[in-house]
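Every chain is named by a letter (A, B, C, D, E and F) in the order it is written, and numbering of its residues begins at 1.
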Amino acid sequence: MRIHVVNPNTTEAMTEKIAAAARAVAAAGTRIIQGQSAMGPASIEGYYDEALALPGLLQAIRVADADGADGHVIACFDDTGLDAARAVAKAPVVGIGEAAFHVATLVADRFSVVTTLSLSIRPIEHNLSRYGLGSRCARVRAADVPVLALEERNPAACDRISREIEAAIAEDGTDAIVLGCAGMADLAAELSAQHGLPVIDGVAAAVGLMETLIRLGHRTSRLGAWRPSPPKPYAGLLAGFALG
Amino acid sequence: MRIHVVNPNTTEAMTEKIAAAARAVAAAGTRIIQGQSAMGPASIEGYYDEALALPGLLQAIRVADADGADGHVIACFDDTGLDAARAVAKAPVVGIGEAAFHVATLVADRFSVVTTLSLSIRPIEHNLSRYGLGSRCARVRAADVPVLALEERNPAACDRISREIEAAIAEDGTDAIVLGCAGMADLAAELSAQHGLPVIDGVAAAVGLMETLIRLGHRTSRLGAWRPSPPKPYAGLLAGFALG
Amino acid sequence: MRIHVVNPNTTEAMTEKIAAAARAVAAAGTRIIQGQSAMGPASIEGYYDEALALPGLLQAIRVADADGADGHVIACFDDTGLDAARAVAKAPVVGIGEAAFHVATLVADRFSVVTTLSLSIRPIEHNLSRYGLGSRCARVRAADVPVLALEERNPAACDRISREIEAAIAEDGTDAIVLGCAGMADLAAELSAQHGLPVIDGVAAAVGLMETLIRLGHRTSRLGAWRPSPPKPYAGLLAGFALG
Amino acid sequence: MRIHVVNPNTTEAMTEKIAAAARAVAAAGTRIIQGQSAMGPASIEGYYDEALALPGLLQAIRVADADGADGHVIACFDDTGLDAARAVAKAPVVGIGEAAFHVATLVADRFSVVTTLSLSIRPIEHNLSRYGLGSRCARVRAADVPVLALEERNPAACDRISREIEAAIAEDGTDAIVLGCAGMADLAAELSAQHGLPVIDGVAAAVGLMETLIRLGHRTSRLGAWRPSPPKPYAGLLAGFALG
Amino acid sequence: MRIHVVNPNTTEAMTEKIAAAARAVAAAGTRIIQGQSAMGPASIEGYYDEALALPGLLQAIRVADADGADGHVIACFDDTGLDAARAVAKAPVVGIGEAAFHVATLVADRFSVVTTLSLSIRPIEHNLSRYGLGSRCARVRAADVPVLALEERNPAACDRISREIEAAIAEDGTDAIVLGCAGMADLAAELSAQHGLPVIDGVAAAVGLMETLIRLGHRTSRLGAWRPSPPKPYAGLLAGFALG
Amino acid sequence: MRIHVVNPNTTEAMTEKIAAAARAVAAAGTRIIQGQSAMGPASIEGYYDEALALPGLLQAIRVADADGADGHVIACFDDTGLDAARAVAKAPVVGIGEAAFHVATLVADRFSVVTTLSLSIRPIEHNLSRYGLGSRCARVRAADVPVLALEERNPAACDRISREIEAAIAEDGTDAIVLGCAGMADLAAELSAQHGLPVIDGVAAAVGLMETLIRLGHRTSRLGAWRPSPPKPYAGLLAGFALG
């Protein structure tokens, strides 16, 4: 099976790191197709970046979908564009945020999230409520590390994440940690060993859930709001995005 | 004061109708500045259209904001881009969906929403939950009328909306109706008289709430997630959207 | 338009201060009619005072309503008697507590309330739940200042309120402050400038919302529980309160 | 032990019926003291009546409390004045609405309420939410019977209640019925036998809970908002209600 | 009336203490029948013990039920086996956890629980959510005392419980304490006097609620999921548990 | 990897069917170890059966765990004994109910459950609330088919399930169906094709999730309540269940 793992920002190093994390956990027979947005922000930090990341993300998904990808993983922890991607792709779509939350609930009654910037706390909290899993999350924390500082294994950034995990264990009454950024994908195993609790990376979680969906033959339901928008004219710079 | 009322789709007739509804209820001294997206879909029906409406909407808001608008009203009932608009504009921003919900709660313990397509029911329900007002909404209903059918006073469309209101009164245990589309702005008074309960139009409601915010001098808080994204490079077709 | 702003306690100095705050934000063409209860407690602190404030409040509202007021604002932060007032008045009614909460959500994802006595925390929390806005409130705090200490600008009282705002910013993860007493109406602008976040006063907020309701022609729905009680005999001291 | 069962309306026949229901279930050694409001509405139907019932109810409770009652039961299903009564009485206070809900949860996972007028549905729903038991209630229904029609065993009224119970069983997925009016106290056993499910009367339930509180020595906590209001002047018609 | 108070663990000293607590508060005419599991764990600490306590508990209940007990009280604070007991017994069943919560809400707007081991916090929290009373509980705390350490009045254990109550008053914004273990039944009155707030013991509370149910003639509804499982073969070690 | 799929009832035909369903979706390299309870009920219908299924289930899990299973799947839709199993097993544990719910949310905004007997509706609803996914479930329905009627492909049973799915699509506003019994595992693909929406079987879903957990190296957290009970004596028939 072919799983399209798409980075909705335009930073190649991050795309590579995400793809490597996906390949590291993929089952035999799974091929990871590495995708990246061709337009928009170099990283997604806050609502403005998120809004402008959508066109490039959706374009990448439409292209890979037409090329026959069996599933799409959106590799941004705030699950940027998940609704629109599901509405437009034939293949199923999973976000790494939701994937991490679902997997965490299987090994932890309650988990804390450690993300990058405090700017991301509320969007993550709103996603948790929307998914129904707010009651399973003890707290969303920020390590105060910019997304691109995670590109290479920056010791100061790792240290801040580690201290935030310690605080979560001491103060939140939590059983597990969810890492709140695709750029942290390479840290999970080490942090789990170091702190003695499950540490969940969303990229790995999403690959596992997507393999399950594909093997079981499940596709996005068209009965709800995840249907393509009815065809209509699109104007200006985005005229090319009109659905046939 | 100058209130920028922006239509996030590219259909001029709808922009005109919205601006007329806004002007009809504006206080003496309020000037309505009519705005419209310059790119993207001709109407917003479903998540894909909504995602592609964001760049044009945010561009229109940034321009009007730089021109000194005292407030922005987003005239699409699903409150398209509200978070991103708040994050990027200096002036306060109100969506017509949230405005209608808040005003409805002042005259009704519980309200029903009547929107256009069933595709829009879930996004509206999710907004209600996010805003905290889900418990005040008895039900979100669709009249099965495409958005652009409302451009001119189409008797068949009006009739469907009217029948949906009757059903809401009979079945939902509701006290008021919120009209779930900017294109219904001209119908509220008539439907209220006809059905004997408050019927709320979001455009009018949003103008009132925005006048209140401006008169009281309230601006969007920067302490939460409604802060501009940190400056960074933007690539490709959307390179021009990078924040200074 | 004529808006009746009624103080449900019997302290004239507070009535004057509330009316001044209302007039300061009223639109051109709005006339503020100053109302006051003629019986009951000198201030409302706790459930017993609140219960005994109801007859005087409802009498004042019935008189102003019969005199043709276009709307009523109940100027007590716990929205004393709001349900009964809506049930008995022809004109719409807004409480300053609910008004402040609604306005706060337009500029802040989450707000904290700073009220007078700890006795008032629970009633405010219960109101927030009832209105549906509990998820938008980070915390309700008390500055430990008696209501009547706010009559004149008492520096010690202001200082306590200011310290509670600082604590809210540091500990609650809040984006804005709602002032939880009609007697704080004159402090909002100054505290907002001082602390760098929106500070919402309910009297000002309620006048804005009421102007909106009146301009849009919305009246309290009679389909729910906000209907006059069926006429019946009233006995004893309160015999005069029977509905015609 | 002496339990003061107080009817917050002024209709003597209803006071008698309530006291009889209380005496029928009281344990050996329990003395039921029959109380009645001396002022206000002849029955409580809607928010206006409820507000005006408070002074008479609180006066009756203060008198019985000073006379050494060991506990007070407020015999109106909407638990009129429960917060204020708890704040002002030395002895514990239980409302018949809350009592019925608590007892119902011990024999039924989910229950429906059958009350008198549709005007009472929302206040009961709001109470359920406030108490935390909203998730245990399948539905609140009205039999469309005025309160005072229940004074004598009116066959038409009984029939309507019976039909509403049938509808609840067929449509609500409910396991038990809570009778939503003190005036229905004499119907519970018969309706339970007739319909084959638990039927709970609040007067009987409240007497049982109050005996438990008294035997266990529990009194209303003063740490929360159930504390007497601080002493202060009261004006006008209600001057006599000032707390010493 | 005869109330069967059953200890679902196999420790006789604890059974005696529980029965003594029950007898101390029982009304004149109530006979407490002391029950104990004949198989399984010596104390219930965590989910594994709880699961293995069920057969012995259900056997004891079936025997006492056949012997004509008028009601059953399950004397373990996590309400072990409450659903299954209700499904299989003719007489009504009350758990001491739920009993304590219900009684606490009658004298406190919000309560904290002080239990034995931290292992028990989550099961108690889940019970509170299930019962609907989660919003009434400020916090569930553990005193870090093993269940069997409470068998005799261990001063160190009492001291830890007392300190946890102090912490609850200082930090939780709570109005009352619920003691979270049957083994604490003898401490309630003393702790209440010492800390100046209601302290609720579940054994006493459950006896009171059960007397109420029996006096009112209420039995477990069979309309929901509290029905006996349909008869079927049982195999192996548990073959004797098959329902006739 | 070796996944232990355990049937908590004692019916061999059902154990075989479950194992076949598991093998049909297992990845290359996954070995399904078929497990079955050696004591207790022949099927689990209602709370009494569920309670008595626990000892046999936990014994089977302890044996397979000691034998080196990499993960355990509990193949009963009400997730019988999930907490206790997690507390006692070294390897991770997934229930087929929770697995089906999580997978359903990835392809459907809202799903309905179709289970066997109405007796099972409430336990499933309570599980959904506990897991946090209640808001994602439109309705739990029963097809009125006994569990063992599903052993062989009974056309009448299939027809009832099919009609319930049609009703769910027509009435619930649902996007997908979750089959609420391990005995329906062989029907999912066919029903999905027939009704045109995703139909989720929990056995298949749980195998996929378990493969993901094992491949990612995640184990049950010991920080919360999923820890082994402290060692202690066990008495009587169950003496052999004491933890070392």
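Going forward, a contact is a pair of C-beta atoms (placed from the backbone, for glycine too) under 8 Å apart; a residue touches a chain by one contact, two chains touch by 3 or more.
Chain-to-protein mapping (UniProt): A, B, C, D, E, F = Hydantoin racemase.
Computed from a predicted structure; not experimentally measured.
Visitor: For copies subunit E and subunit F, work out whether under half or over half of the interface numbers are shared, and give different or same accordingly.
Guide: same
Visitor: Write down the chain pair in E-F, C-D or B-C that repeats the interface of D-E; the criterion is over half of the contact pairs matching by residue number.
Guide: B-C
Visitor: Centroid from C-alpha atoms only, then distance subunit A to subunit C, rounded to Å. What do you get?
Guide: The separation of the two C-alpha centroids amounts to 44 Å.
Visitor: Report the inter-centroid distance (CA atoms only) between subunit A and subunit F in whole Å.
Guide: Subunit A and subunit F have C-alpha centres separated by 28 Å.
Visitor: Centroid from C-alpha atoms only, then distance subunit A to subunit D, rounded to Å. What do you get?
Guide: 53
Visitor: Two-or-more-chain contact residues of subunit F, please, as numbers and ranges.
Guide: As it turns out, subunit F has residues touching two or more other chains at 109, 121-122, 129, 135, 224-226.
Visitor: With touch defined as at the start, can you tell me which subunit D residues reach subunit C in the complex?
Guide: 10, 37-52, 54-56, 58, 81, 83-84, 86-88, 119-123, 126, 129-130, 146, 224-230, 232-239, 241-243
Visitor: With touch defined as at the start, can you tell me which subunit F residues reach subunit A in the complex?
Guide: 25, 27-29, 92, 94, 98, 102-103, 105-110, 131-136, 169, 174-176, 189, 192, 197-198, 200, 204-205, 208-209, 211-213, 215-226
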